[in-house]
Structures are given as structure tokens and as C-alpha cells.
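If you scroll down you'll find the structure; I have some questions about it.
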């Protein structure tokens, strides 16, 4: 009981997710031969690196009771834009390339943010619109040409396979480390800074936040800026990993990031959730996808049907456990109700 | 466009407790929202410590040292209690020190006499506890001016006492306290000076000694109102309508047992959080009981949903008008007919708007709802008038058993008297009424019998004459009734 | 028939969707022919978005009919779903020619400009697999575009057919997966194939997006020694992988030529200089003479066969990539 | 008088204005635009989306969302093909498809009501799930087995120039207006959208209303899928892919609040017309692909900005006087 006493809701959520992930690992290792190996870690970590960064950006926005459906287009645009620049100016400094990606992403996020916060248009409408607009921008800008791997500088092509540390076959890639840094950074910001706490407050009760004198509009704008920046960073990672960038780059990432966020226990109506949770959500989904692909008995065509169902079940599990938890709080409250 | 406030003037001195009174819709809340920078005045000026100030946001008000507790509690449900108290502290710095925050919050709350788990998410708090958190938040801000809009509306005596202790302490520390309440006893108890508002206009400001109760009411209402809290005449009870035995719900209440007769008013009294509301919710099927027996007209019934309850002739009027009581963007008419919409359906399930309108018209006249027209948005009415709309909504279902949860919460004296009269009338017509109220004088005046609860347990039932302020309080505080 | 220049025909070239390099190249070819033939009419390059490809193609075809265009060249991505719209276009007197990917049932379509013989594609892929894996053979898998891509499906079917020959008995096709012509999905699918089949020796991707993604995936994971990549690819996209032996061999035809040839055929039919019946011969400018014939790879339908494949390897890929 | 004035300044009249503008520009731009053929075609080409938009309006007014409609459409179409292909008679297959739609909708509704999960999450998962099931049924095939009467029903006009789907749409439209505006059920849909706790406390069976809505959403999506199959004559696993966003755009542009509780079918039908005419006009001017989508996206944002501009302007005027 004492253990649970110290558990705040988001901690519990994270715990539940960890248990679910462990469960997935156990179940699949019993049906797939040679499942639990270094390769699995390498694969999942490398592809989660992108989705987790994006999902954390999405988390910032969702916490404030908004949503950003344009992230897929931002990823696509920045990937193309930076790729295009790099193929023209191959000697560009790597840092500059990253800044460029983050900068372009931030700009696009900023447009979303201004429209949502200052023009007071519901975020779903704004970002549905900019999802189309940014994609159009990409098509117009690219003129239907592809960014080709051959034209990209060497360092970029080597980046996805660059290992920071390796234990035998287990590789800790640079991109993965980058993602881990982002997760930790944002976890700290959300948990321990008053900026982060105010984001929660705004999402939890915008009206009260206004009454309390928070600069709601600026905060929401900031959330979108951060989301854009992280989407830009994802765009850069996308470019590094996939090399060939066409106009379809990043399509569907918006829904994937939303899925990661909700599976990660971030309340879609704002106010609760954590960066670490979003990361775990991304891991869980990727792990499921990866495992289903590797499962010989599952045909290519069954995979999506199962994936949908499994996502649903994991979200439901989380919600059931949270409900239990709330009941527990209520009981505890009942025991310690106002004394004389 | 009606004008909410006309040529209002108000002076507030440090070290005074100033009460603001007036009927529902007099403009008290509006005034406060102007004082704290949420609304902007069309005209006029504001001086603070001798300097003219222009307030454009509540942030600026806070910077000046003005804090307010609004009529409807404004907590952040996802944050825990401690954070709710400290979230808007300007000097909190960039980093959050969780442990220190918990300790401080605990201390502030205990100073207020409130024991709340500071780590619990605020979403589980009762309205009263939310109010407590709001108060804790405001006084922790080290303010120069503290404004409280009906802070006691959902508190019971015990908590009110604690609050007043704090208010007096603040007064000693030279804080100016502006206090709004519809409970005149409280006003006379705590205020140094009183300002009366009526229809958005300033009527008078005088020190409390210069007011008599009658005079105050006259100035508020603009006419004579008599028969306040006249004790209810004991009548012969009708046949038993509702009988409840060993009613229990996990994590809420246990062992509730009572009978309710036709024409009887049974009140539920108790401290805040004594789980009276939960009993009401169980009887209305919103949070059905786990065990126990409910008999209606001698028949055992099982109430698993509000719809079932309604079909059985039970109505429940909630204490949380804003969140649970009314559809704010809808018209008065639509709100009134909502629970009984079935009656207004014609062929093919089409709504007969004409008969809807005439019902609404009837209630408007009967309850004297002040509104430009019946198509008016309920959300734009003042609190008291909203309460009347909610009352109409349930009366219109013509219930056998009417459960009223804090029926006069936030209602002004005049309207309160009307509500009391209405409840009596209903009882006299044979309705069985179960009234949950934290307003002790009201409980004493209204009820035939009083059931006292404490922490989810029934402490006893007091018959009319036995019920006094003292006997109820001692039960509510935990002394079991010997005879029960 | 040798085309008479300067006759007016408003034509539309419709790719599967916009934003893919090869379709742009086809457009180049068509524009070249358009100029060459001095057609006073317009040549529009109109395509849907990848997300909305099927409905978009139908919409564009229907609108073209409404506009009274004289002819349309379609790289069909909608399978037989395009047939009703194509039929009503034909009824309005429009010329409907497909290229790159035909209408499977051939309903509503006058002619299909086949880049290569679809049956031959199967053999070419099987041959490349054989070359790469050697006589010992082994496991290989196909990474296709979407499960609905008619031409890819036809090629895969043709390859399966070809594999039945005793010559290829050592080749073992273990799986067909789909990357939806998206880099990231194809990349992940390629890696998944490697994990799923420990003995995999080759990934065959009959799609330009898929082959490039698969090659990059193998290179990034340092698997090029173990698993090779092959299929249909653009030299410009594949040159580095061919040179470093990740994708030693792949094939393609010229999309510029395909656009060029399609334009000639469509122009001739739309201006009434050719009927589009089996046995007809026409001259397609710089490319020379071509025949209209019954399409042996479909139950119904006529085709003009462009051919041939160019198979690229270290010897010729660099020259072709510029 | 004030009522008239209020109406003139309403969202719907703004949409009307945009619509008239679009039509005039189109008519000037292209001779073909006003032809009956084109008018019917532009409807027919998107008729399935438009039909689903009607029920989506109900769902969004109810403060929920259903992202799985397009996948359900694909699933129903594929199921129809699969059933007929495996020898079921046409009527049986049609009935089965509608049943699948309804059950799928109820499945969504179950998680939303009984498990209390946000509909965005549930239907996002089923967007993947239903599409997956469609794939399971047809795999990489394209199934073309329908009797000719079925295809004719989908492709030939049956009443004047109007094909069946368009007629069904008009019937559903009238039904939707009546139900939402004039019936008790419609009132419940709004009230629950405004505040579902309050609705429950008023004795409204929130669960039932939501279940009905989701079941209807599934059912109508399945119907749309069947019409789609008839129009195209064959089915594949990718049918209707990505339609959900177009559908939601139409509804939101129609002034239905994404937070529920407000909006009308009139607005939705106007926005449908705007989107269709705009797309058609652009297609006729040979603007396709992403540019079309971009223009619609821009329109969505701008139109959402207009009410705010109006408020801003009014407050400016008020502060001056």
C-alpha cells in the first residue's frame, strides 16, 4: 500500500506501460523464435527514435488541450527542404543543417500556434488546414523531384548507422541517444519547471488558468513552437535515416504520433500525461508493429487488423487501471476526510 | 445589451472586512471581475493605494496584490491539491520543489482547519474541498486585497468558522477583505462595513452597526420581505412513500436507513464531505448503491440509472448547477423541458414547441424568473435565476420524491424565501421532499425531521422539536445520538 | 502510319500520383513529343495526390471528359475501379490510352503502352535473382509497392510463374510484403524481412521507391554482404548501392521514352490517323516503328510493347545515372 | 426584425456568400461548369463522402468523433466483394454488409460508452483495425464479381439525370435535418454534446444515444461503401483510404463546433457544396493534386477566422460608441 501511496497518477501510468511492454516481450518471445535479441533492440530503438521525438512534441500540444495534425507534413517538408539544401551545399556544417531543420519546423509550428492562440481557431481545424498547406508547399517547392541519397553528404548517410556505444551486437545509435536526450530534457521541463506545470494547468482548466493570470496564449504558442521544433528535428532524422525523400515523406505520421501519445497515457483532452509516457507509448506501438511483422504465422494482411485491436486494448487496460487507482484515492480520501 | 453595472463606486480600506450584498444578478460578481482585471469597465477609474490603476489582466491585479476567489471554484482537476495552491505563485521560481510545496500546502491547509491529502489529484475533491483549496490559494498569496465571492456557499458552519478565523487574522495584518454572501447571519457576524447593490447600482455603504437586518433586506430587495425562516408547522404525515434500509455504497456511505412520507420534508445535515450528496446520487441511480433495500410505495425497487429513477417518480436537483445542472448555451425553455421531453413529443418524435413554450411561460411566472425572454441563454442569467430554472426543470417532471441538493446555494434572501415557500407548498401538496443542505437555519426552518450524517454514516434522525442548532452540530461532529 | 504534324488534340497525361520522379520523366518525354508534333492543342500533366490516388484519378478522368479533352494517357492506379469512368469517357468520344499500368480488364481502354512485356518482367527478375544468388540459390523475398498496384501484382505473378521452371528450382520465394511506395515503410519492411528470415539472401523490389529504401536499409545496418537488393530501380537513385555491391544488379526501362511513345500513340488515335486495332504499325518519332497487338498478358486488351529492359550493373550504371 | 438581422449575420449566410461566389467564378471560368452532366458528376464523384458527412455532423455535435468511417467504408465494400465472390447471393451479401457496418459502429460505441475511452482514440485504433480487416478479406486482389444490375444502379441515372446514390443522399439529408432540428432525439444529441454529465443527471440515456449514433455511423459508412462498390464496379483493400479527413473538413467548415453542442445540417450542406464546387472548379481549370487540397485547407482556416474577426470588429465598434 505504501508503494502506491507515493505513486502519482502519471507514475502509475508509466508503470502500467512498462508492464504492458514487458508483457508484449514475453508473449512474443514465446511465439517467435529467436525474438529477444540485440537486433530487436536495434530495430525498435532506431525507429522509435523518430516517433518518440515527434510524439513528445505532440505531447506538448496535447497537454494544452490542443492537437497538431500537421506534424507529418512538417516532418516531410523539413526533411525535403534540408535534404535539398544539403544536396546543393554539401559542405554545410552538420550543426547548421540541424538548426535549419529545427528552425523551419519551429516556424511552421509558430504559424499553427499563432492561428490557434491568437486567432482563436480550434487547433484541429488549424492543423487540418496546415497539414494540407504544408504538404502543398512541399510539392510546389520540390517540383516533384526527389532528394537522392547520392547527392547527400557522407556524414549524413553515415549518421543513422553511427554507434555511440556498442555491446557486442547491441548498438546505441547516435540518433537514439539524441532521442533519449530529448525525452529526458522534456521530462524535466514538464515535471520540474513552472513553465511545464503551467502547461498542465492550462490544459486542465483553461478558464481557471486565465483567471489565475497565466499568459495562456503565449503558453499555447510556445507549445506549438516546441512541437514544430521537434517535428523539424524529426524531419532531420527522417532525412538521415531514409535518404530518398519524396513528397509523400511523413504522411501518416500525424496519426501515428497521436496514437503514441494516447497509448502513452497522455489525456487527449489535456492536463495530464508525461514525456516519458509518450516515449513509452511510441515504444509499445513500435514493438507491437515490429513483432507482428516478424511473426511468421501472421500474414502480411492480418497485421493491421491486429495492430488496431492491440492499440485499443492497451489504451483500455490503462484506463481500467487508472479507474481502479482513482477509486483507491477516493477510499483513502474517505478515510482521511475533514477532521475536527 | 443590458448594463450590468451603473456608476458603481466602492471604497475599500486596509484592515477592514467589507461585505457586498445584493440580490441575484445585482452585479456583485461582475464588479469583482472588473476589480481583478477580467472584465474591463466601459467607464470610470480605479485607485490603488492612492494611485490610479488600469487593470488589463488578472495578472496585473495579482501583481498589485489583489487576489480573488470566484463564485465558481476554479481548480485544476488534473493537478494535485498542493499544486493547485501554488501554481499561480509568481515568486515560485523556475524550478518546482515538490517536497517543499507539499509541506507548505499541508501547513496552509491545517491553518485553515482543513485536512486534505495534498498529493491527491483535485479531480476527486468535493465542491466544498475545492472551495477550501481556493481559499488556501488566495491567502497563501500574501495579498493586500482579498476578494471572496460567496466563499461560504457550500461550506457548513464548521468550515465557515475556520474561514472567519482566517479572515480576522488577515484583517489584523491589515489586509482588506471584500466578502460576498447571501447568508446575512454571516455578514453581520464578520463584516465591518456593508455595501448594498441593487440592479447594478450602488444603494448604500454603511458600517455594520448602522444596519438592522430588516433594513438591509429592504435595501437589497427594494421591498418588504417578511416571514424569514419561520419554523415549519408540524403536520400530520401522509403515507410512506420512500423507505430505505441499510443502504451502502463502497467508499461513500454505509447503513443509511430512513422513511420518507408524503408531505414530509426530511433534511440531510452534516459537515462538508459527510457524503450526503452521495446518498442522493444513489437514490437517483447515478451512483447506484451496492447493498441495502429501497422501497417505493411499499415495493422493493432497484434504481440503476437516472432514467429508472425518473420513471419511478424520483427527481434530483444537483448542487453543482454549472457542471451538472443546466445546459448553459441552451434556452430557458429547452432546459426546463429537458428531463420530461418525452411529454412534448408529438407524432414521429417531433418536439411540440408550442406546448414547450407554454410550460416555460408557466414556470417563469410561478417562480418569477427574471429574464428578457424565454429563448434567452441560461448561461447568461445570474446565479439565482439559473437556480430557479433548474428548479423548474425538475418540478416539471412532477416527481413523487424530490431530492434537493443545496437548493438555495448562491441564492439571495428574497429568492431564498421564495424557494422555501415553494418547498413548503410542494410538501403541502403531498410531495415527499428530501433536502440536503449545509445551511443550518434553513434546515431548521424547513424540515419535519433531520437526518444527520458524518463521514458516510448516519448519526441519527432528529424529530422536529429535537432538532436544534446544537443537537445537529453535536451529531455532525461525532457524538452519537443516545436514543437512536 | 507516320504522324501528320500540327493536328489539334487536347491531351492529358495522368500519372498514378504526383511527386514521383519516374512520372515526371514520363512527362518530359510526352512534352518532347508534343513539341515535336507541333500539336496546337494543350498537353496537361494532371495527377492526384498520393493519399487520394484512386478517387483522384477517377475525378480527373471524369473532369477531363466534361472538359471535352480529346485524349488521356493514364498510368492506372485504380485497377478496374477506373473502368466505369473510362467507359463513359470513351462513349463521349475521348481517346483513352493507358501506360505504365493498364486497366486489368481492359474495359474502357483502347490501348496499353506496355513498357516491357509483363511476362518478361517476371523472367528478368528471376534471372537477376539467379545471377545475384548464384547457382546455389536460396531464400528471397519481394518488397512491393501497395497490395493494390496492378502492374506490380502482375509482375510478381509473372515471376512466380517463371520460377516454376527447373532452371530456377534453387530459388525460394519466402514472402511478399508491401511498402506502399513510402520510403519509411519500405525501409522498415526490408529490415523486418531480414529479421524474419534468417537465411534471406535477396530482397527483390519491383518498385523504384522500394528498391532504394531496401538498399539503404541494408547498407545502414551493414547487411550488404549478407542480403542483396534488386528489382526495378532508377540508376540515379541506385548508383551508389550498385557500386558498393549492395544492389549489384537491377533493371528498368526509360520512363522518358515511355511518355514519348504514349504521346505518339495517343496523338495518332485522337487525331484520327490511327484506329488502334491489332496489326496497325506506326512510327513514334525518334524511337522508330511499333505495332499494335493483342496483349498476351491479359485476357482482353491491346498493347504496344516498348521494351526492352535495361539491366544495370557496375559496368553501365554510372553512365546512366547522369 | 432582429431575427432577420441575426440570420443575415449568421455563419450559414456567410457560407451562402462563399458558395455564390464560388459558383459565379466557376461559371465564368468554364463553359462546361453549368452543364447538367457536370453538376451531377461533381456530386456523384464525392457522393459517398457527402453521405457520411451527414452522420459525422451528428457525431461531432454530440462531442465525439469517428475517424474510422472511411475504413469501415472500405471494409463494407470489401466484405461485399468477398461475400459475393464466395458465392453469397446479392441480397444476403448486402444485408450482411450493412450488419457489419452496424456491428462495427457498435463496437466503437462500446469502447466509448462502457469503457469510457475517448472516441478519438477508439476510432483512431479502428481506423487501422477496420482497414486491416478489409485487407484480410481481399488481400492483394481486386474483386470484380458484381451482377450488372448492381453496377448499373451505381453508375446509371435512375431518376432524370440522378443516380441512386444522389437520391439516397437527398433522402438522408431531409431525414437528417428533421431529426436533428425537430425531434427529441436531435435535442438529446445537442444536449449531450454540450455537457454529457449534465445530460445524464437529467435522466437522459447518454449511453443509448451514443451507441445509436455510432451504430448509425457504422451503418451509413457501410451503405456508402456499398454505393462506392456499385459506382466503381469492383472492390480493393484501399477503397476510401484517407476519406475521413475530407469528411471531417466538410463538417467543421459547416460551422459544427469540434467541441460539440453546436452546428446545423444547413451549415454542413452549404460547406459540402462549397467544397464540391471549389474542387470541381479547380479541376475544370486543370488545378489538381496538392494545390486543390491546399486551397481547401486555406479555406478551412480562413473561414474559421471569420467569426473571430466579426467579434473583434463588433467589440471595436462597441468600444468606440
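Read from first to last, the chains carry the letters A, B, C and D; within each, the first residue is number 1.
Rule of thumb we're sticking to: a contact is a pair of C-beta atoms (placed from the backbone, for glycine too) under 8 Å apart; a residue touches a chain by one contact, two chains touch by 3 or more.
For clarity, every value in this text was computed on a predicted model and none was experimentally measured.
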Based on mean C-alpha positions, I'd like to know which chain lies farthest from chain C.
B
Centroid spacing, where centroids are CA-atom means, of chain B and chain D in whole angstrom:
44
Distance-wise, how many Å sit between the C-alpha centres of chain A and chain C, to the nearest whole number?
36
Could you state the distance in Å from the CA-based centre of chain A to that of chain D?
30
Touching at least 2 other chains, the residues of chain C are 18-19, 49, 51, 147, 176, 178
Chain B, residues touching no fewer than two other chains
none
Sequence positions of chain A contacting 2 or more other chains:
135, 139, 247, 301
Kindly provide every pair of chains that touch.
A-B, A-C, A-D, B-D, C-D
Which chain D residues qualify as touching chain A in the complex?
111, 115-118, 120-122, 124-133, 135-136, 139, 237, 245, 248-249, 252, 257-259, 289-291, 293-294, 296-298, 300-301, 304-305, 308
Partner chain B, residues of chain A touching it in the complex
8-9, 191-198, 200-201, 203-205, 207-215, 267, 270-272, 326-327, 329-334, 336-340
If we count contacts the way the header does, which residues on chain C are in touch with chain A in the complex?
18-21, 23-24, 49-51, 147, 175-178, 181-184, 187-189, 191-192, 195-196, 198, 209, 212-213, 216, 219-222, 236-237, 239-240, 321
Could you list, by residue number, the parts of chain D that touch chain C in their complex?
30, 32, 35, 37-38, 41, 45-46, 135, 139-140, 142, 144, 151, 154-155, 231-234, 236-243, 279-280, 283-284, 286, 288-290, 293
If you look only at chain A, which of its residues touch chain D in the complex?
115, 119-122, 124-126, 128-133, 135-140, 247, 255, 258-259, 262, 268-269, 301-309, 311-312, 315-316, 319-320, 323
